[in-house]
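Below are two complexes that have chain A in common, paired first with chain B and then with chain C.
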Partner chain A sequence: MVQCPSCARSQQPRLVCSQCGAPLAVDLDFFAALDLPRVLQTDNATLEANYYDLGRRIHPDRFATAPSEIRDASLRATALLTRAYRTLRDPVSRGLYWLELHDHKLAEDNKQVPPDLAELVFEVQEELSELRALRQHSSDEARQGLLKLRSRRANLQGLLDELYAELFQNFAAFDAGGGRDREQLFAELKTILSKIAYLKSLVRDVDNELR
Partner chain B sequence: MSRIFGIDLGTTNSLIAFMDGSEPRVIPDPESGNCLLPSVVSISHNGVIQVGYPAIELEFAQDFDGKELNPRTPPSRPFEGVVVRSVKRYMGLGGDDLAPEDRQRYSFADLSGPVVRFNVNGRSYTPSQISAEILKALKRRAEAVMGEQVTRAVITVPAYFNDGQRQATKDAGRFAGLEVVRLLNEPTAASLAYGLQRNSEGKVAVYDFGGGTFDISLLNIKGGVFEVLATNGDTHLGGDDIDRALVDWLLSDCPELKQNRRIWSSARRIAEAAKKELSTADFTRLELDLGERHLVKDLSRDEFERIAEPIVNRTLECCRRAMDDARLTPDDIDEVVLVGGSTRTPLVRERIAEFFGRQPLCSIDPDQVVALGAAVQAGVLMGTQSDVLLLDVVPLSLGIETMGGVMERLIHRNTTIPTSATEIFTTAVDNQTHVDVHVLQGERELARDCRSLARFKLGPIEPQPAGLPRIEVTFLIDANGILNVTARDQRTGREHSVDVKPSYGLTEDEIERMLEESIELGEADIEQRLLINARNEATQILTALAKQLKDYPDLIENEERQRIEQLAAKLESSRSGEDRELINRLVEELNQLSTPFAERIMNHAINQALQRKSVEELS
Partner chain C sequence: MAYSSKVIDHYTNPRNVGSFPKNEANVGTGVVGAPECGDVMKLQLKINPENGIIEDARFKTFGCGSAIASSSYVTELVKGKRIEEAIAIKNTSIVKELNLPPVKIHCSVLAEDAIKAAIADWRKRREQASAVVEKKAEEA
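So, the complex of A and B:
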């Protein structure tokens, strides 16, 4: 329970006082900050609506002339809210946050390429360096290489879409509870997220070359 | 609670505005009626400071080279001191940021320090202190017109301003005795003035072509959130470049005249006037007074546009780059907003319309639109404008230097503010008692390519094996885009004090000291200002009288003329002295003595007008 510094009402921790509407400087997890149930299949419309609604109520611009204690609470509450929104809006960062929330952080030192992607990563890097070399000289072959890279780009996008589908299945399994072993789900989530991270950086390299 | 004012602290001109009911309004100078205050500050050798047009006059006098060109103009005395233009360019810069041209133009006190300091006869002034003089002049103007104290303001800054530049702007406010309630991005302010935040969703291009700078900002507006998609521009491209090109054209047949600074500055004034004239007229005549002869040239709008075209094209080049960065095409842009006096030139408007394929918004005076937007935001902060809520974004990524000199981003650019990020720091060796943290701002991968924001030491940490201590550092960016750092020991829950040493800009101690100094100097300042006012008044009455005596010799008796001339000579000699009371008394006496003469002139003028009228009626 927290007590509102403005009206002294004691209440469940939230970013905004349920009685007087003053911002509250409380430490909340991102789901609670946005008034969302702690599930992975976020309803995007509710996420956005809650963000704008809470944002309007607690933004520092609303309290520019309030006492410093309330101004400070408004600043902290808004900072937490924007951070929560930014994190939960994107499925990948939401998944990473889920791991963090359950003490399952992706190991910082695990910089290895996921094994099933190793070959693909190698191939694409090869194609990219070939194309860069070709661009120095012949225009005809470079055009060929460029065409090849374009189809590669489409192919990578396909893979990425599949991974996202897997990610959402994993989210659904988490939310359904029971059934499957949670530890197994966490391990699966880690693998998917790390694959997505690698594919994304690969797509970025390809896009830079295509531009 | 006192009113909050909106201030556009511009490179070339500055303005102050307020919410008049539900309408924002710019406050003009009570005497001249000018809304714009030129951002020009003169500091004389004995420390007298003037702002705006008087400072420009002194700058003009600085160009005096000893020889009078025209015997009819009164001799001006060379000004001993420094006239600073475009001080905004120097905000938040350190000595090592200065370009060679800057060092040629001004004398700087300390070139290695974290803050540049202008040197005037052994005294040094930071850009924040000089900007504060502009703010004080605006404050005085608003206080005179509104009859109330001005203590709080929203000040606008370019969207690309980094933390140091924002901090320097806030410091300037403090030096001027203003609480800066909010720093607002200029393109956001312009969009606010047009009420574009009420549109549910859309992309806006804000084209800001001022006297000396050009900025293009692409914004995405959604649900009251202003996201900066891209900014581009040229900090040395403005309407002044068009004036300079016109001077080159005007003096093309006699290039040797360009070497004469006095002629060059006169030519520049004439060129600027011609440019303004051609915004509405098709032809204009430029006349340059060279003393024994006049240089006269006619200029058509077509010819003018041929001269200005390359400069306008450079702005479009910046627009193209911004569009590329944001991966947008002109079709994606829903509105184009014009800011800055140089957008009055029809050629500029035509080219923008062509480029974006739509007519730009220009119903609000482009010189005033940013100040008006700042006033709207001031209204929001006072709680009188509750339909608007604007969420700005952080303009540059914020991060820390990690092993190997790599920049690790904690808060990405364009993140809505206020926001925060936390990072856990630990020790690398056993019994380490401090951890050094280097905070950076920028988009580059390597720390050395980013701008250093601040450094601080975490600790003291009690001696423990390496990696065991866990100190959680929170980087909080407030609604102004300014960084605050706090630290907490995760294990003990103890708050660490963080003594952030900014890499650029002033420390809190320096600011306090300068504020104390300025309070001590405050009374001397007021005395100086009153003296300057008295002198200006004396000059005005003397010039007017000299002209009247010359123009209407028949309206005055010899004896009366002698008495007036005697008193005028007395005032003339006391004008350069320090005795303000004496100057004021003589001005008053001279006023009274010459009133009958002035009345005769007035009657004479009225009679003449009546006569003319009757002749017209007869014919």
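So, the complex of A and C:
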């Protein structure tokens, strides 16, 4: 329970006092900060609506002349709200936050790049370095290589889309609760998020070359 | 973030970059990754089976400057060392040499893991090879 410094009402911690609407300087997890249920299948419309609604109510401009304690609470609550929103609106950062929230570390026991993915990374990087060499002479071969890289890019996007689909399946399994072993779901989540990270970093290099 | 001059040196002028030919004997390959940032590092060590000394090393790293510098530095560091000495290399000595900032410490951990993975792979290959030899001897 926390006490509102404005009206002294004691209440469950939230970013806004349920009685007088003053901002509260409280430590909340990102789901609680946004007034969302602690589930992975976030409803984006509610996420957006709560973010804008809460943001308006605790906005520092509204408390510019308030006592310093309340002004400070408004700044802190706004900072927390913004971080929560940025983290939860993206499924990958939401998944990473989920691990953090449950004391699971992404990198722990997780240094092995899945062999097929490692092979893909080295293959595409090899193509990239060949293409860079060819482009110094702006030859026909370089044009060919560029075309090949474009189709490669589409291919990688397909893989990335598949991984996102796996991620959402994992989210759904978490939210369904029961049934499957949660530890197994955490391990699976770590694997999916790692694959996405390796693939995204490869896609970034490809996009740099296509630009 | 500013890179130290040693990181920049290794990054702009990486040592021992590349791979050994596919069927080169006595080579162990370690591929490790940092899932936080998506960096992938491949380290290959050529180890003399007679005396266990690392004779040569190659690396390919796709990632930030610190990851490239860490692996480049490691290839220089392990050459001439015995397996046991190489396994004992700690990431902290990489951090110290390259002056890595706290946010880049995981790059040095990656390089340390790559050494261990490459040596483990070399050992596995040797065991497999000797198993084949034994099997052939039995058959003969």
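Heads up, the rule we're going with is that the second predicted complex is superposed on the first by the 204 of 211 C-alpha atoms of A that agree within 3 Å, B and C clash if a C-alpha of one lies under 4 Å from a C-alpha of the other, contacts with A are read in each partner's own complex, and residues count from 1 in each chain.
Assume a contact is a pair of C-beta atoms (placed from the backbone, for glycine too) under 8 Å apart; a residue touches a chain by one contact, two chains touch by 3 or more.
What you see is a predicted model, and the numbers here were worked out from it, not measured in a lab.
Student: Tell me which partner A:L202 touches in the superposition: chain B (first), chain C (second), both or neither.
Tutor: second
Student: Of the two partner chains, chain B (first) and chain C (second), which one does A:T65 touch, if any: first, second, both, or neither?
Tutor: The first partner, chain B, only.
Student: Determine, under the contact definition given at the top, whether A:L167 touches first (chain B), second (chain C), both, or neither.
Tutor: In the superposition, A:L167 touches no partner, neither chain B nor chain C.
Student: Touching A:L47, do we find chain B (first), chain C (second), both, or neither?
Tutor: It touches nothing on chain B or chain C.
Student: Looking at the overlay, what does A:K190 touch: chain B (first), chain C (second), both, or neither?
Tutor: second
Student: Which of the two partners, first being chain B and second being chain C, lies in contact with A:Q125: first, second, both, or neither?
Tutor: Touch partner of A:Q125: chain C, not chain B.
Student: Chain A residues touched by both chain B and chain C?
Tutor: none
Student: Okay, in this complex, where on chain A does chain B touch?
Tutor: Interface residues on the chain A side: 52, 55-56, 59-62, 64-65, 75-76, 78-80, 82-83, 85-86.
Student: Report the residues of chain C in contact with chain A in the complex, numbered from low to high.
Tutor: 31-40, 42, 60, 62-63, 106, 110, 113, 117
Student: Can you list the chain B residues touching chain A in their complex?
Tutor: 1, 4, 181-182, 223-224, 377, 380-383, 389-391, 415-421, 476-479
Student: Spell out the part of chain A that touches chain C in their complex, as residue ranges.
Tutor: Interface residues on the chain A side: 106-107, 110-113, 115, 118, 121-122, 125, 190, 193-194, 197-202, 205.
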